[in-house]
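Take a look at these structures.
Two complexes come next, and they have one chain in common, subunit A, joined by subunit B in the first and subunit C in the second.
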Partner chain A sequence: MSFDTATWIQVATFSAGGLAMGFGAIGAALGEGYTAGLANEGLSSRPEKSGDIFKNMLVGQAIAESAAIFALVVAVLLLFLDPGAPYLLKASAVLAAGLSMGFGAIGSGVGAGFPAGQACLGIARQPAVSGTLTTNMLIGSAVCQTPAIFAMVVALLLMFTDFSSMPLAPTWAALLGAGLSTGLAAIGSGAGGGLAAGASCEGIARQPVSVGNVTTTMLVGQAVSQTPAIFGLLISFILIFSAFPESAALSAAMAPLGAGICMGFGGIGPGLGNGLTAEQAVRWVARNLENTGGLTRTMLVGQAVSQSTAIYAMVVSLVLIFVI
Partner chain B sequence: MEAIRETEKKYCSLALTIAVVIAIVCFILAFKPLGKGLILGAVFSIANFIIMGETLPMRIGHNRRRSTGISFVSIFGRYALMAIPLALSIKLSQFNLAATVCGLFMIQLVILTEHIVNLIQMKFRKTQLL
Partner chain C sequence: MEELGKIHQLVVTAFGYELRFNLEVISWTWIVIICLLIFGYIAKRNRSIVPGIFQNIGELFIEQFYGLTEDALDKRLARKYAPLICALFMFLLFCNILGIFPHLGEPTSDLNTTLSMGIMGFVIAHYVGIREKGFKAYIKAYFQPIFFMMPLNVIGELSKVISISFRLFGNIMGGDIIVLVVSYLTLSLVLPPFLIGFFFIFIGAIQAFVFTMLTLVYISVQVK
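Now for the complex of A and B:
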């Protein structure tokens, strides 16, 4: 059985479509399930507020589902869009697009579930601030979607950029590396941002007067949590737009692929770690408003230290791209 | 479940109104595929939101096995539904693909915009009171 270029591209697009939607559905489903679980907890403690809790759950789940809709859009584009002129590099590009979107949607889906669930529980605790809780939940969930949007941008770039003039080797590996870099790095940042947003909803429900300080700390914490995903995006852009000299040596292909893998995996831990720091900081700002400044400073110092591992990963990636 | 119906009604009517207004502007400016794509995406986004809301009580009011089954059918059904406008806009040139994708996020955009506008109004009122 011999495969021509068009068949290879078709094989790659179908696999990529499956990967994009299959992995992309994981996070949103977990996030939505978590929301419904905490809504049940809230309902059992205050059944008379079922209307408000259901309403918040519906809105929260709709937002948490955005990451899966991004994945769906990319998957359908991969499956139905005309791939254009067939060249073998296209197969690598579409496969990378599927990986980027599939992995990239996991963290955001899970992360958006945390504020939605905590807001449902918070409405049961403090029905008087249900409006504030929903607004805070929506802001937190929206920020959580940023890494999934980065992944979608990379996926679309990989699908629609014309690589026909590039040499097959080592560009095939660079494109796969680009997809993995943003896709994997987005997992930690998406989930980490969600942890901070969840603690924010919990904090407002415990102490409604803390809303201003809690929201500010949440946004600062989330912004730092997104940094590893931004590093991942940066490495992806470098890998997509760099012109690598043609080389048949396998080692030349492994360098850009390794760079993508390094930044992708290297970004998961710091994204989650920063989120864990922000979660605790936000939680304690709500309980100890007077010490907001000190808590925010400690959070930022802790996050900077946690971030250093992502910086190491980025440095190694850059060495793999430009030095080796 | 009156609260859910009210929420559905509020966001769906708002999403459809915004989509229609933008589509009319697109038609006037002779960007027909843009307008058509936006309406197509928005209609399916609304249908997805309504099914999500309507199956919510079904998912909660039964035993575990039935609730799990309904949830699975709901998720797969809704994703399949959302794929229809995308496939249509890829195959038919009268619908713009980018506009269809934007339309698919119409409900989410309306929810976020409404709350952000409320937040800004609240802050503005507070500053005026001070």
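Now for the complex of A and C:
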């Protein structure tokens, strides 16, 4: 049994396709199950609105599924698209693409379930604002998808950029690092953004007049929750597009791989933590409308502090890439 | 598929430096600016108590963002900074939507545009902070809660510029790439129009609003 370049590329594409869809299926399924669960709760408290709630549940689940659909698209592309000119670096690139998309879809799938579920519950509580609730749910869960979109962008860049002129030795590790960086960092941000969106749907149902302030606070909170995913994207771009000098030493390869892993894992916690902050801020803006300014400022300052760990991770990653 | 990640550049060598111009992006940006100027002219041409359609749209933008600025800052500062916030939103909205027209793309899918917008917001926020609080109180804020937190506070401030500009850039460019890849796979049948509607109009409008609101709250954090 011989392993030539074409075989290695096949090994990598098949396993990457499996990883992309396998991991990508986790989050969306959880989010959709949560939605359906809350839809049941809402339905039992107001059975005469079952049609509205059912419709909203299906729309919300469809949005929550989009992260898994991104993963499906990437997996299908990996499995059926002709890889083009075979060179060994391609194997590493496609494997990284699969990892990026697989991990990246987890957070957004879970996250998009929260607004959908809370919107179903909200329609039961306050049927008069069901239109507003659906709109807010759509905005909230669309923003939740941002980390998954980042992961997909990195996956597509890794699959379609031509790396054939790059040296194999450190670049294979840089590409793997690029995939892991965005993929892992997107987990926390996706789920965190969803928490904020869920709280906003709940808040609007409790106090419909607060819709403007609640949606604005939700968007700001979600945007800041996504900062770790953006740092992950930044590190991925640096790793993909910077040319590393050829070197056979293993340490030269481990530095960019370590940078990607560092940023990836370092982004999970801050993304989720920022989401928890945003969730409470949005919840209390809905109940205490006069204090929106103060709540938003406190949320931002708190998020900035919890973000500092993501910044440490980014600093370490940059040091690993540029200094070592 | 070769277009992925490629940019058309004009390289001019002057004084020993290489100056790179992204010609397409510059022309798109000018298209947006000219459209906005024409819109502004039409909106204010025949002002009346019963507004025409363009005056109505203009009033909608101004009322919304004046209110948001007043909520975030206060009445006095809102008079000064609401025009900036409103203009920023309208510019970004037009930029993000420009991609729905054939042969045009979004200026915001180029990092140079979003980064310059982010740096502009950063500079304005810190200028307002120094003006309103005084230089001493402004510097003191960096040494909160303890003095050795200073380097981290500075990095935190700088990372705001990175996050705000990469958020817009990543979303818009991500939409571009996804539409390009799906169009290539489906031979531009059925799916791409829906994706263009979702990414360019819906996500574009949301991200323009998010960018504007973040610039506004960064100013408000500096003031209070």
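The working rule: the second predicted complex is superposed on the first by the 324 of 324 C-alpha atoms of A that agree within 3 Å, B and C clash if a C-alpha of one lies under 4 Å from a C-alpha of the other, contacts with A are read in each partner's own complex, and residues count from 1 in each chain.
Following the convention adopted for this analysis, a contact is a pair of C-beta atoms (placed from the backbone, for glycine too) under 8 Å apart; a residue touches a chain by one contact, two chains touch by 3 or more.
Since this is a predicted model, take the numbers as computed values, not measurements.
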item: Room on subunit A for both subunit B and subunit C (clash or fit); value: clash
item: First (subunit B), second (subunit C), both or neither touched by A:F150; value: second
item: First, second, both or neither for A:L58, with subunit B first and subunit C second; value: first
item: Which of subunit B and subunit C A:A142 touches, first, second, both or neither; value: both
item: First (subunit B), second (subunit C), both or neither touched by A:S189; value: neither
item: Contacts of A:N274 with subunit B and subunit C, given as first, second, both or neither; value: neither
item: Partner chain(s) touched by A:I69 [first = subunit B, second = subunit C, both, neither]; value: first
item: First (subunit B), second (subunit C), both or neither touched by A:M314; value: second
item: 24-32, 60-68 or 96-104: stretch of subunit B that collides with subunit C; value: 96-104
item: Subunit B and subunit C footprints on subunit A, overlapping residues; value: 73, 77, 139, 142
item: Residue ranges of subunit B touching subunit A (in the complex, touch as defined); value: 1-4, 6-8, 49, 52-53, 56-57, 59-60, 75, 79, 82-83, 86-87, 90-91, 97, 101, 104-105, 107-108, 111-112, 115-116, 118-119
item: For the subunit A and subunit C complex, residues of the former touching the latter; value: 73, 77, 139, 142-143, 146, 149-150, 152-153, 156-157, 160-161, 213, 216, 219-220, 222-224, 226-227, 230-231, 233-234, 292-293, 296-297, 300-301, 304, 307-308, 311, 314-315
item: Residues of subunit A defined as touching subunit B within the complex; value: 21, 25, 29, 36, 40, 50-52, 54-55, 57-59, 61-63, 65-66, 68-69, 72-73, 76-77, 80-81, 131, 134-135, 138-139, 142
item: Interfacial residue positions of subunit C with respect to subunit A in the complex; value: 1, 4-5, 68, 71-72, 152, 155-156, 159, 162-163, 166-167, 170-171, 173-175, 177-178, 181-182, 185, 198, 202-203, 206, 209-210, 213-214, 217, 220-221, 224
